[in-house]
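The chains carry the letters A, B and C, assigned in the order they are written, with residues numbered from 1 in each.
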Amino acid sequence: MSRKLFVSPSPHVHSGDSVSSNMYGVIIALIPAFVASIYFFGLGALTVTFTAVAACLLFEFLVQKYLIKGEFTLNDGSALLTGLLLSFNLPSNLPLWIVIIGAFVSIVIAKMSFGGLGNNLFNPALVGRVFLLISFPAQMTTWPVGGTADRFTTVDVATGATHLMPLKGMGGDLLTYADLFFGKMGGSLGEVSAFALLIGFAFMLWRKIITWHIPVSIFASVAIFALLLKADPIAHLFSGGLMLGAIFMATDYVSSPMSKSGMILYGVLIGFLTLLIRKYGAYPEGVSFAILLMNSVTPIINMYMKPKRFGEVVKNG
Amino acid sequence: MNVILISVILLAVVGGVSALILYFVAQKFHVLEDARIDVVQEILPAANCGGCGYPGCRGFAEACVKADTLEGLYCPVGGSEVMSKVGSILGREAAQTVPMVAVVRCQGDCDKRPQTNEYDGPTNCSIATSLYGGDTDCSYGCLGHGDCVVVCGFDAIKMNPETRLPEVDEDKCTGCNACVKACPKVIIELRKKGPRSRRIYVGCVSKDKGAQTKNACAVGCIGCSKCFKVCEFDAITITNNLAYIDPNKCKLCRKCPEVCPTNAIVELNCPPRKKKEEDVISND
Amino acid sequence: MRTFRIGGVHPPENKLSAGQIIEEIGLPKQVIIPLAQNLGAPSTAIVNKGDEVKVGTIIGRSSGFVSSNLHSSVSGKVAKVDQSLDASGYRRPSVFIDVIGDEWEESIDRSTNLKNECDLSAEEILKKIGEFGIVGLGGATFPTQVKLMPLPGKKAEILIINAVECEPYLTSDHALMMEKSDEIMVGIQILMKAINVTRTVIGIENNKPDAIVLMTQKALKYKGVEVMQLKVQYPQGGEKQLIDAVIRRQVPNGALPIATGAIVQNVATAFAVYEAIQKNKPLIDRVVTVTGKSIVKPSNYKARIGIPMQMLMDAAGGLPEDTGKIISGGPMMGKAIVSLDIPVVKGTSGILVLPDFESQRAKMKNCIRCSKCVSVCPMGLEPYLLGSIGEMQLWDRAEKEDVMNCIECGCCSYTCPSGRPLVDFIRLGKTKVSAIIRARK
């Protein structure tokens, strides 16, 4: 034996799971929605996505090189994912400088200023989106209607409102369920196709990247509260950013609760807040606000919603 | 105009009521504290190191004020100086204590104590200790993961990356005992600072038999008892193959380091000895 | 198919030595028998340098309530009683015996014929188990007589035989079941008599179909004994997990397993009990798996206690060139050792050699709070939290968060995508908290 033996405490084997494999798993799960966005919105979707991703990577690189001077974490895929998710929350005709501002807020303010991945309180992409929504409300709420515009030109196309406006009685026509499901409507580029997002959900469940608890409890609570508030549950489920939010944003590891019971509570409250905002708030869409609000409650949920300890409740039989 | 007026009045009323509530609550729940506690706390070093055995400097100040004598109460950081000040405030006699300093009783650096395996766990001495004897053949020696460095509140102990041993900065060390408690191998000891900071101690804690120690480390105490025989003041005892120099009996005569075959006895801050001939030759 | 209800992981099984027959290992020139081979107080040596011993001669006496006797595994002369490195990673007192011939104590029945009848009473059985130094052979080495001892107010209803072998790589229990099923059944009968129960369940994971078939078939002959197939899931061999899997009862927080009415014994312990009671043979040997991906011949060996692990490694084709780590036990809970000169002891279930590329831990990253550790923890704890509490040394908080419930199975560290050493810090927390609890009493 030429070399020295390694000695470490048990366990001596590892599952091989890593931060980057989880992040890239989520990115793969986003591919169907990305394809759908290009199909519906054309070149605009591509440029917005590309700009957001590039800006996020650049900002993370700059912060780590000049401010934090820590270990580079660019290759773990989390900045890439933040960029993708941010762009999915933006309209495809958004001016690119606004996209870059969003990326700056997401990475520099919401993620790196807290100490990087793992320490952020809020979902970075959502912070970016909400910042833009408040700062640039006009640009953020006019969308090209999916599938109607000439997809591969960047000239001004017909813009319309999401399906949430008619749902709220703000004018406009109600769409068919099929259009809602496949995404033939106005909206941010990644959120329109519930079908594509659900494929991603199935993929993440299969790869065990996330568990079903958060998305399913959001779906259930949205449906139940919609019924209670005498709204159309199916329309609420498939319109706006709900699918994207429930599957990809609320399940963000860092800002969601740790225990299963906590996850369900978190999901139910997100659904409830979303419906409240959609029904009674000033904004037609409430998913982002609901998730951010619940992000801030996550530490409290973690403190009180403990997993069931072994032997705590003795069940016989 | 009306709006502004209403707002101002409303705010003033709310503010006034809150102030009243605060005032009465403060009166009702006021805790009478001995004013001297604050004065004593002012004098203390405010390091909150716990070296005195109380939770923080405030706790120690309370204990000092409450106690009838200052016996048994000692701030190792501030030393006699601070304690006599505390004593004068409280009108009590402060015990005179000798200043102490931490010494690291292991000299097995990478050359003298060869590594035999590679530790691949968390950088934490306690975890490594519960796992095994360490990455050298000596299971008593320093592991070099720096638990002592982490607990030191005075920046007085540093890990030397070359030797992988901690080094005490005796100007900064206050003798608070934190590192002694943190070291799972009980390598660090508090010793009297000594006249002109001169100290002689055994830089080894290995209780292994001589042959085993020698095998593992070039500077380990092998329990040969040469120092024991040469000591004229009965300061040296040998138990479990390990020599120990009693700081209260040691007169710093510097005979024992000379006879130690493994150079396990450390002399600190002593003037250089007259060089022997062979040394002179080898140094040229 | 049943398994325990909270958490768990399923690492690659890698049972490379499955199906290998048990080969006997010869004798070395000298054996080193550590005095601390059981959980609790180490035995006290009762032999001195120069004493002559035979195989089975008692050389160490139980030194407390939780302690056990120790017997010579060879015949020869005691060379010295001295410190020697053992699997704990420290030098501890051990008896060195120079081997001369292979002479056994006359009382030991060395024939291989099955002896079914046992007319000893429960007390006599317990006494004999204690005398013959039987300890739990699953790895915890808890003295068996203590575990079987009736507690006032607690009545055992069921005996559960742990034949799960949930650790990857290890096959010693599997091999033993394939070859000594009859003896194990008799051992089970004796154990049932000792604790006065009428029902026994042998829990076997379904990655050992041949053992399930064989044991089910043998169990038909014995009343009250049944085999339960369990879904492969680590740490099913943990006492609390096994009870939960088999009888769907959870040991209440802070109570002993007997609170559920179940007593768990390892299958190898049942065999050792058979040998002790029926053949008067103390615990002087055991089955050890020698395995690893680079090992030429992964095998199961019957080895005397005290022989150097090097002998087993040589028999299996020698230590491979690319060895990075040697583990005494399985990969999940085994202990990394620094040399093969250390002796086989009662708790050595296997020697696992990991190649270089599997030996080093991945670089630690920030916790991303993915909650995977929470979902795999079989005790329903929050390893991410306990880990950071340990790093920050907040021991009061650790106690409140039930750190003492941790069974150190390592599922959390195994699964952590950030490669954080969670169980290391939890173990540290357990040590510190138990010291605090002791100091309080």
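General remarks:
Convention: a residue touches a chain if its C-beta (ideal position, glycine included) is under 8 Å from a C-beta of that chain, and two chains touch if they have at least 3 such contacts.
Predicted, not measured: the structure shown is a model, and the values here were computed from it.
Taking the mean of all protein C-alpha atoms as the reference point, the chain centroid lying nearest to it belongs to C.
Comparing chain pairs A-C and A-B by the number of C-beta pairs in contact, the larger count belongs to A-C.
As a whole-number value, the distance joining the C-alpha centres of chain B and chain C reads 41 Å.
Centroid to centroid, with C-alpha atoms defining each point, chain A and chain C lie 47 Å apart. Put simply, the C-alpha centre of chain A and that of chain B have 51 angstrom between them.
Contact of a single residue of chain B with at least two other chains is seen at positions 116-117, 120-121, 127, 130-132.
Within chain A, the positions touching two or more other chains are listed as 5-9.
Each of the following residues of chain C touches two or more other chains: 89, 335-336, 338, 359-361, 421, 424, 427. Considering their complex, residues 4-9 of chain A touch chain B. Across the interface of their complex, chain C is touched by residues 116-117, 120-122, 124, 126-127, 130-133, 139, 208-209, 212 of chain B. The part of chain A that touches chain C in the complex is made up of residues 1, 3, 5-15, 17-19, 21-22, 73, 76, 115-119, 211, 253-254, 256-260, 263, 302, 306-317. Put simply, chain C touches chain A in their complex at residues 6, 9, 11, 89, 168, 240, 244, 248-255, 260, 319, 323-327, 331-339, 352, 354, 356, 358-362, 365-372, 374-375, 377-382, 384-385, 402, 405, 408, 410, 413-419, 421, 423-424, 427. If you check the complex, the residues on chain B that touch chain A are 115-121, 127, 130-132, 135.
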